[in-house]
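Each of the next two complexes has subunit A plus one more chain, namely subunit B in the first and subunit C in the second.
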Partner chain A sequence: MKENAGPLIVLGILLLFPWVITDQYYQHLMILVLMWVAIGSGWNLIAGYTGQVSFGDAAFFGTGAYAAGLLAFKLGISAWWGLALGGLMAVVIAFPFGWICFRLRGAYFALATLALNEVMRHIATIWESLTGGMVGILLMQTFVSKIPYYYVALVIAVIAVVTVQLVMQSRWGYYFVSIREDQDTAESIGIDTHYYKMISLCLAAYLTGLAGSLYMNYMSFIDPHIVFSLHDISIMAILVGIVGGVGTVYGPAVGAFVMVTVSELFRTGGFGLVDSVTKAIPYPAVMLAAKYIKEAHVFTFGVLVILVILFLPNGIVGDWPKLRRGLLFWRRQKA
Partner chain B sequence: MDVFLQTLVSGVLTGGLYALIGLGMTLIMGVMNIINLAHGQLMMVAMYITFVLFHYLGLDPYFALPVSCTFLFFLGVFIQRYLLNPLMQVESILPENQVLMTVGIGMVLTEICRFIFTSNYKSVPNPYSSPTFFIGGISFSKAMCTAFVLAVMFTVALFWFLLKTDLGRSIRAVAQDGEAARLMGIDAERIKVITMGIGSMLVAAAGTMLMPIFYLFPDIGGPFTRKAFVITILGGLGSTVGAIFGGVTLGLAEAFGATYIGKDYEDMIGLIMFLLVLLFLPGGFKRLTKV
Partner chain C sequence: MAYFEVNKVFKHFGGLAALSGVSFGVEQGQIYGLIGPNGSGKTTMFNLINGYFPLTAGKILLEGREISGMKPFRICQLGIGRTFQVVKPLKRMTVLDNVIAAGFLRTESKIEARSLAEEIIEFCGLTRQKDKIAKSLPIASRKRLEITRALATKPKLLLLDETAAGLNPTELDEAVALIKKIRDSGVTIIIVEHIMKVIMTISDRILAINQGVVITEGTPKEVASNSHVIAAYLGEDYSA
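Up next is the complex of A and B:
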């Protein structure tokens, strides 16, 4: 019980959050954070624990979103049923893909996931009679308030973290890690690596698809370039994983919080700070800098990828002892 | 029949340039054993250099070739020396962190170009981008033919370099067996740096030659990165001869797909070929030819 105290306290804070912070904007950000916790946990399961790096999480995310969207758009069934269907549809995509592509190893599997991402986006764009093509799908939001969405997102995030926790404590978890460490050795001591990689991929796809259908319900608008986006979904999922900590249960949660904050910080120009600076100092150079800062969020993602891989290879959670030592040292020096 | 021949010709001409893109990628893959997912973005940088030289100095795209090649050579050297080589020492449980690193580099390059040149479409309008000549009812674009001839020359030069020079032999040695090459006294780190430079240079040449034909915008890198890895998978990983086969095959497949199926499917065809090759011919053409 003691080792779970920290996460339980965090969960308690999260349960109270929408009643304390009533500003819709911050509630919106927290919903995004919780959604990314689910996606990041999925990515972490397949890439961080099983060692099969995926560049194509958007394929599963988009499938989940389209599953929910089309259910409402074509059949007139509430998109909330998509929460049940979205994850399953993502598994339906992931299963044959994994069956075929797990004969590839390492970077070549990563390439195959990248190709899957592109293929799915092209299908969603070209198959206009089903998906509406570039027009996308627009639904009516069920609730005006953000609070119901918040709790659904919270439940999904908790499901994701608990799933990863339980799986990694079970026998499967040891199999996954052994595949990551050395696939040939794992095979030689009798682990059916193909089978366990499939399980890991399907679980990851399920969690990602679940997050996708939540996105459809919450945002109520999708188009192929949003939900199958390489930069905004697949790379973001990787960043959430590596910033938080690869191969740690709570890493994706930390990573999601950091990444959504960073992304929003640039999109809004330091939460409006840049705007007030430009108003205070209306020089052209400052205005130009402000314009660049607002456009810089993809650039920052790229720089973050490089810096994190070089200097924080195990993420915030994984490298916490190193980080803390650094911070302590810095504080001691200051004093 | 005319349509068929016309498609064939344009497929082969595009294929020549694709081969050049694939050659750089396959060299990097062979020596460093990583997939360079910033390859198309490097090409995009070369295209912007060509554009700047044309727009501000009035330099003809074909004369911009040495400038963009040199610049990209040093950019490649910088990336390998300061970003990829240090990764060897980093202890990480994350697999494929080098591939992830190239994705990050690609994003940074794209965004820097977007800052400088905005997302607007650019082109290099010049007298020879549109004229064509005819042989027996088949039209040949002059710009494409020039590019094809230059691409063949670059390929021949590369093969001469790899087969006949000392440095080329060292590169092949590291590609075959890095450890053994090190024991023979080859500085593998240096070879990697040089190979990255050469790979970037080849893709810069392809980019500059495509410039009279293509529109240019910062996001053009992504599709070309995907083409590059499709080509290398088709040809067989690390096989230079295979990359030429792969390039021409992809060029033909895209041309025939665009003519007989539909332009929308052009990008899909490459990706579907990629998955089919992985399924039925893992190892690519290299397996068939044993080269």
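Up next is the complex of A and C:
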């Protein structure tokens, strides 16, 4: 019970959050964080625990989003039903893909997922009669307030974290990690590696597709370049996993918070800080610097990942004892 | 018909014949030794039995049932456990978790898998190391872990691939004692070993192969005095 105290307190805070922080902008950011918790947890399951690195999470995310979008767009059924359908559709894509591509090991499997990502994006772009192509899908938002979306996102995030938690304590969890550590050994102790990799992939795809259909409902607009984006979805999923802690239950949750914050920090120029600085010191050099800082968020992602891999190779959660020691040491030095 | 039977097995890697028509039979409860110089095809034989490589030709039968052509996990489920010559621990898991992962083969319940794992760790004498991360173990313990993990799948037949290589004399005696203990618990064993002291003392029968062909088969005494075996190991000059 004691080890669950921390996460339960966080959950309590998250339940109260939209009533305390009423600013829609911060509520929006938290919805994104919660969505990324689900995507990151999915990625962590297949890549972090099972060791089959995926560069193509956007394929599942986009499929989930399009499933929900098309349900409403073509059949006029509320996109909320898409929450049920989105995850399943992602599994429908993941199943044949995994069946064929799990013959590949290591980096070759990762490249196949990258290809899946691109294939799905091209399908969504070219098949205009179904998906509307580059025009995308635009729906009416169901709610004006952010709060309903927030709670749906929270439920999905909790489902994702609890799923990972439960799976990893079971026989499946032991099998996933065995496959990651040594596939030949796993086979030699009677583990059907192909079968269990499929289970892991389908669970991951389900969680990611669920997040995708939430995105469709919440943002109410998607096009192939948004939801099948390699760097905004697939790479971001990897960053969330790595920064938070690969192969840890709460890693993706921490990673999602950090990554959404960092990306927003740069997109908005330090939450408007850069703008006020340029206003205060209106020199061309400062304005130029400000322009570059705002555009540098992808670059900063790169730097952040390098730093994390160098100093916290197990991510924030995985290296938490080390991180805490470092912070304490720093405080003692100051005093 | 023997309990475990290898029938005219061939394995070709491209143009290279690693095994050419090897046959032997193992009776239940035996320790069966497999010897031969480096590159004679001993580990290849294990990889064929275990299903890691497909056979080129021939048959392998356990209790009269053909197992050749099955995948490694299926063969393990049918009751053949193996260790690897180059040890393959599940590195970032503890010793206990390594064994629990194997123990899950025969039970769905985590509690049962755990108690089975603890029992077998105790049996193999790894209790003191059970909470250590597998990659931090010294080589003797890693070899022991290979055996422990294989035993947790409750095999009928256990394949031991050079589990005594690289051990010091004390560790060697312990390894031999462990292998005998496993045999006494009712597991049939096929063992590949270079250390003659070990293989000659524990084997009931020995098969000697060289360059993928059977040289001789018999009791340790018969094999040790066979001129072809001596020729294969020491050269023609000594075989007279």
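The definition used in the following text is that the second predicted complex is superposed on the first by the 335 of 335 C-alpha atoms of A that agree within 3 Å, B and C clash if a C-alpha of one lies under 4 Å from a C-alpha of the other, contacts with A are read in each partner's own complex, and residues count from 1 in each chain.
Operating definition for what follows: contacts are C-beta pairs under 8 Å (C-beta built on N, C-alpha and C of every residue); 3 or more make two chains touch, one makes a residue touch a chain.
Predicted model, so just to flag it, every value in this text is computed and none were measured.
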| item | value |
| --- | --- |
| Which superposed partner A:Ile309 touches (first subunit B, second subunit C, both, neither) | first |
| Touched partner set for A:Gly51, first subunit B, second subunit C, both or neither | first |
| Partner chain in contact with A:Gly190 - subunit B first, subunit C second, else both or neither | second |
| Of subunit C and subunit B, partner touching more subunit A residues | B |
| First (subunit B), second (subunit C), both or neither touched by A:Gln169 | second |
| Partner chain(s) touched by A:Asp182 [first = subunit B, second = subunit C, both, neither] | second |
| Which superposed partner A:Val20 touches (first subunit B, second subunit C, both, neither) | neither |
| Touching partner for A:Ile242 - first (subunit B), second (subunit C), both, neither | first |
| Subunit B versus subunit C as contact partner of A:Arg103, first or second or both or neither | first |
| Overlapping contact positions on subunit A, where the subunit C interface meets the subunit B interface | none |
| Complex contacts: residues of subunit C adjacent to subunit A | 50, 52, 71-74, 76-77, 81-82, 84, 88-93, 97, 100-102, 104-105, 108, 110, 113, 149-150, 152-153 |
| Residues on subunit A engaged by subunit B in the complex (per definition of touch) | 47-48, 51, 53, 55, 100-101, 103-104, 106-108, 110-112, 114-115, 118-119, 122, 125-126, 180, 230-231, 235, 238, 242, 246-247, 292, 295-296, 298-299, 301-306, 309-310, 313-314, 318 |
| Residue numbers on subunit A that touch subunit C, as the complex places them | 169-171, 174-175, 177-178, 181-182, 184-193 |
| Footprint of subunit A on subunit B - complex, ascending | 34-35, 37, 83, 86-87, 90-97, 99-101, 103-108, 110-112, 114-115, 222, 226, 229-230, 233, 237, 264-265, 267-268, 271-272, 274-275, 278-279, 282 |
